[in-house]
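Down below are the structures I want you to see.
Each of the two complexes below includes chain A, the first together with chain B, the second together with chain C.
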Partner chain A sequence: MQVDFSNNYFELFELPVQYVVSQDHLDTRFRSLQRYLHPDKFASASDAERRWSMQAASFVNEAYQALSKPLSRASYLLSLHGISLDEETDTQMSPMFLMEQMELREALGDAPDAADPYAALDKISAQLNNGRRDSESAFTSAANNADWTEARTVVRQWQFLEKLNSEVQAQEARLDDAL
Partner chain B sequence: MALLQISEPGQSQAPHQRRLAVGIDLGTTNSLVASVISGSASVLKDANDQWSIPSVVHYSDKHASVIGNAAQEKAADDPFNTIRSAKRLMGKGADDVRESWLAEHYQFNYDGGSIPAFKTAAGEKTAIDVSAAILSELRLTAEQTLGGDLVGAVITVPAYFDDAQRQATKDAAALSGIHVLRLLNEPTAAAVAYGLDSGTDGVVAIYDLGGGTFDISLLKMQRGVFEVLATAGNTALGGDDFDNAVADWIQAQAGVSQLPDQGARRQLLRLARSVKETLSSAMLAPYELKLNADITFKGELSVQQFNDIIEPMFKKTLAPCRQVIRDAGIAKTDVQAVVMVGGSTRVPLVRERVSQFFDQTVLTDIDPDQVVAIGAAIQADVLAGNKPDSELLLLDVIPLSLGLETMGGLVEKIIPRNTTIPIARAQEFTTYKDGQTAMALHVVQGERELVSDCRSLANFELRDIPARTAGACRIQVLFQVDADGLLMVSALEKESGVLASIDVKPSYGLSDGEIEQMLKASIEHASEDVRKRALAEQKVEGSRVIEAIGSALAADGDQHLTADERSDVDALIENLKQSLEQDSSDAIKQAIEKLEAGSSAFVERRMNASVKQLMAGQELEELERSLVSADDLSDS
Partner chain C sequence: MAYSDKVLDHYENPRNVGVLDKDDPNVGTGMVGAPACGDVMRLQIKVSEDGVVEDAKFKTYGCGSAIASSSLVTEMVKGKTLDEVAAIKNSEIVEELALPPVKIHCSVLAEDAIAAAIADIKAKREEQSTVKASA
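The block that comes next holds the complex of A and B.
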């Protein structure tokens, strides 16, 4: 059974198709949608309705996640404009950016041996957070100017930062485990 | 696999009749059943006036198995046939069992099937069989106390349970004849119990240290919505480990290097347990146990010594605490309350150190042993449709990432941990050889990068792929995780639109075929009653389907169906009504299936119409009227 949902997550959440969204509005709309669609509301219904509810609730969850996280929201906006991120042939990145990334990675590699490993990781996190904030504002202005080539470049760099950030967290977890 | 639906034999639900539903805390050490009676949830006492039974089953070749306290009493005399802590083996494979301390205490057949079985006097029993026996006992308690058959139960599982462990729990319920309304995470259940009492909004931590498992969960509570922000834990850590450590200490103090038998170990464990319990309220616990002519354990254990013994185990609970805070992206100071769950949180050291960690006094208002069952009962009452106006909605997450094995034994994550469920993710694959018609997928669960470090869930084999040149077929595989956290996989070849068929081989569980056999075996054991019951249940199900579709047709049947379509559906309803007059449960089942298939277009159309209204921002109240929900069913 196909659920006839619109493909546009923004419409589902009654939001204009743009990067800046109100998290409060997202949260409220998410809850009211789930209040009607969630499988718990169909626990005693027919199999067909239960299946439908599971698919509908899955779709709403997927949409909510895509819109709630800054990077995934930006990527989703790109995809709405027909721009794909994962073309493997396209490996061009600014040398400046790559240099910075290499330095951050080296710092991450050295962190466990630092006198205060947590402080070393915090420092990297702070730099990454700055980078993410910069990415957000760069993306917003590129999107506002409908410069999707630039927007795509920003998102690709942003992905690097998120990936590195998850590695910082993994490193932190390893430190915790060793306590 | 169809679940047995338990209902009043031969009758359909009368309007406004209360549907009996229970919450079950199926614990490693103890199990409880609770229900909402006259508006408040309470734990149900069994015939012996006990509100919890030990999760212990004793098997014998002479008489029927006994469960709970009666089984516990056999532990010392007949250790191999007295199975406890079976929950630890739910959804586990032979290697897990060999590594577990249970391997030293019991005799196993590791090679009989996909999951290991305890060798008992009554034959080989899997952890699923043992759990089913415990669930049957709880169902009996509930049905005797509540005076009727149950429509279903909410059964709690540790938040950290993986897919195989959840599936095993659901299989055990099916074997015991319990319809599962929902598998609910234990910490979420605890929050439900507390949330309704206190009504706070904000982030709450649930620290659950039970007999055999540890869980820590962060929940965001807002206007009746409980959202699990993050969850972590350890499936092999709990009060049993405290007991074992204290027992080892007592044994070492007495200079006894070898115990005569397993029965002696059990006696020693019971002593250790009582010492531990004494230390919850005293500074010093003297003990004495005369095992035989040669061995006597006598001495005393101070709180300080006890704390030193359990400290290393307690510390293992703090890493998951830090992890959930990190995963949820909050600060420790954002946590507004800390709820203590599980008998092991009675240990003063645990309360003190957790208070210290979160920098606030932990909550212990509700009995930590009962709080999970009480929360489950509240949720069961809502799911059974007894509370049409309830605001309660639980949004849960998947505890461990789901991934696929790729080239070189690496894992590609499909659904990361802490994703809100239900959730579906599609992944596209292509053939790599000319004429390839089959493809194998290996699904694993866990956070590590190597397949060998994750838990194998199942091997899926896609068949009937159209034979084409390499790369010409695009196969979309859909991974759907339902609200119970269970994974289903389906596949579609996109060019031809052909559904590829899937063979599932669970790594540590029962295939549908095995479960059917077990169900059949259990039915053959029972008498004619079972067949009658099956018929009665099928009749109830038939009436329910007629009611559900009938009320939907009455509401807006003509709006969504042409006259021809309408008369087709009406004919199928009539067909089902006629089958209800006969005494064949198979015939009723077939008529139900035909009606559900024949009305699926109608259901789909009105559902989609509802969503369109919803998306157009129409008044929610109107939508409520147009959707057939559980509430409408019980009122119509």
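The block that comes next holds the complex of A and C.
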């Protein structure tokens, strides 16, 4: 088994360079790479080989993380096509989308004071989950059509949904703590 | 990460939080977002007939630096002409708030929000003058 640092993540995992991947395949290949690179196997190896194995293991981990999560896999695929998200410099987004985001954040802010805070959070979660599902299918079809401009727009919006989703979960945890 | 005293001051006592009527012909609204952190910023300016900013309001969902940047900007724009407002650069915000390099994009967000608000009010005024001209 070889770990070639010039491979992209898909190649490393013996997958076609496309958004849809088999999680089973990803997991199986990850486990076999981990076994191959296990520190025990390099216990009596030279310093150079040990260093190589550690670098390879961190390369494999990085690749696995990037390919396992839908949003990061989409972002990575964009980067392979030379598309930058400009996530810190390009602040222009659809006003309609930003308006919805603002409303969702207002709803999240109001949730703790609602008569049933959990129900309020569930409502936001449901909306976010729909949005994330829509993002995934919109990205899949944009990528299939090689429409990278559209794919970039989808990913940039998707990032807001994931961020807000983690804030909803944090809020839920705070409610649990207060019980 | 440690925030500067000025960021904390704007964060704890944000100036001019609120909303102006976006359908008011004298109000320009700018909405921008930063995908990196999921921040959303709305900045509104109320502009007199002769092009001076009379009032400014903002609402920002984001980190302390993003809130402080937009709060500061609402203070900076009041009393200025649209041209003066358009000349505001994010580096002034960075300097005033002593933002660290990782937070510079928050000031970019505020600068872009101003630009979007100016573009909105200019588009409204142009539309009005076209309506007047054709009437």
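Just a few scattered comments:
Just so it is clear, the second predicted complex is superposed on the first by the 166 of 179 C-alpha atoms of A that agree within 3 Å, B and C clash if a C-alpha of one lies under 4 Å from a C-alpha of the other, contacts with A are read in each partner's own complex, and residues count from 1 in each chain.
Keep this in mind: a contact is a pair of C-beta atoms (placed from the backbone, for glycine too) under 8 Å apart; a residue touches a chain by one contact, two chains touch by 3 or more.
Source: prediction; values computed, not measured.
After superposition on the shared chain, chain A has more residues touched by B, the comparison being chain B against chain C. Of the two partner chains placed by superposition, A:Ala126 touches none, neither chain B nor chain C.
When both complexes are overlaid on chain A, the residue A:Gln34 reaches chain B alone and has no touch with chain C. When the shared chain is aligned, no partner comes close enough to touch A:Val17: not chain B, not chain C.
Of the two partner chains placed by superposition, only chain C is touched by A:Leu98; chain B is not.
After overlaying the two complexes on the shared chain, residue contacts for A:Leu85 are found with chain C alone; chain B is out of touch. In the superposition on chain A, A:Ala48 makes contact with chain B only, while chain C stays out of contact range. Residues of chain C touching chain A in their complex: 31-38, 40, 42, 59, 61, 105, 108-109, 112-113, 116. Interface of chain A with chain C (complex): residues 85, 87-89, 91-93, 95, 97-99, 101-102, 105, 155-157, 159-160, 162-164, 167. Chain A meets chain B in the complex at residues 1-6, 11-12, 14, 31-49, 52, 54-59, 61-62, 64-65, 169, 172-173, 176-177, 179.
Considering their complex, residues 19, 151-152, 181-182, 222-223, 225, 315, 318-319, 322-323, 326, 382-385, 393-395, 419-425, 480, 482-483, 544-545, 548-549, 596, 599-600, 603-604, 607-608, 610-612, 614-615, 617, 620, 623-624, 627-630, 633-634 of chain B touch chain A.
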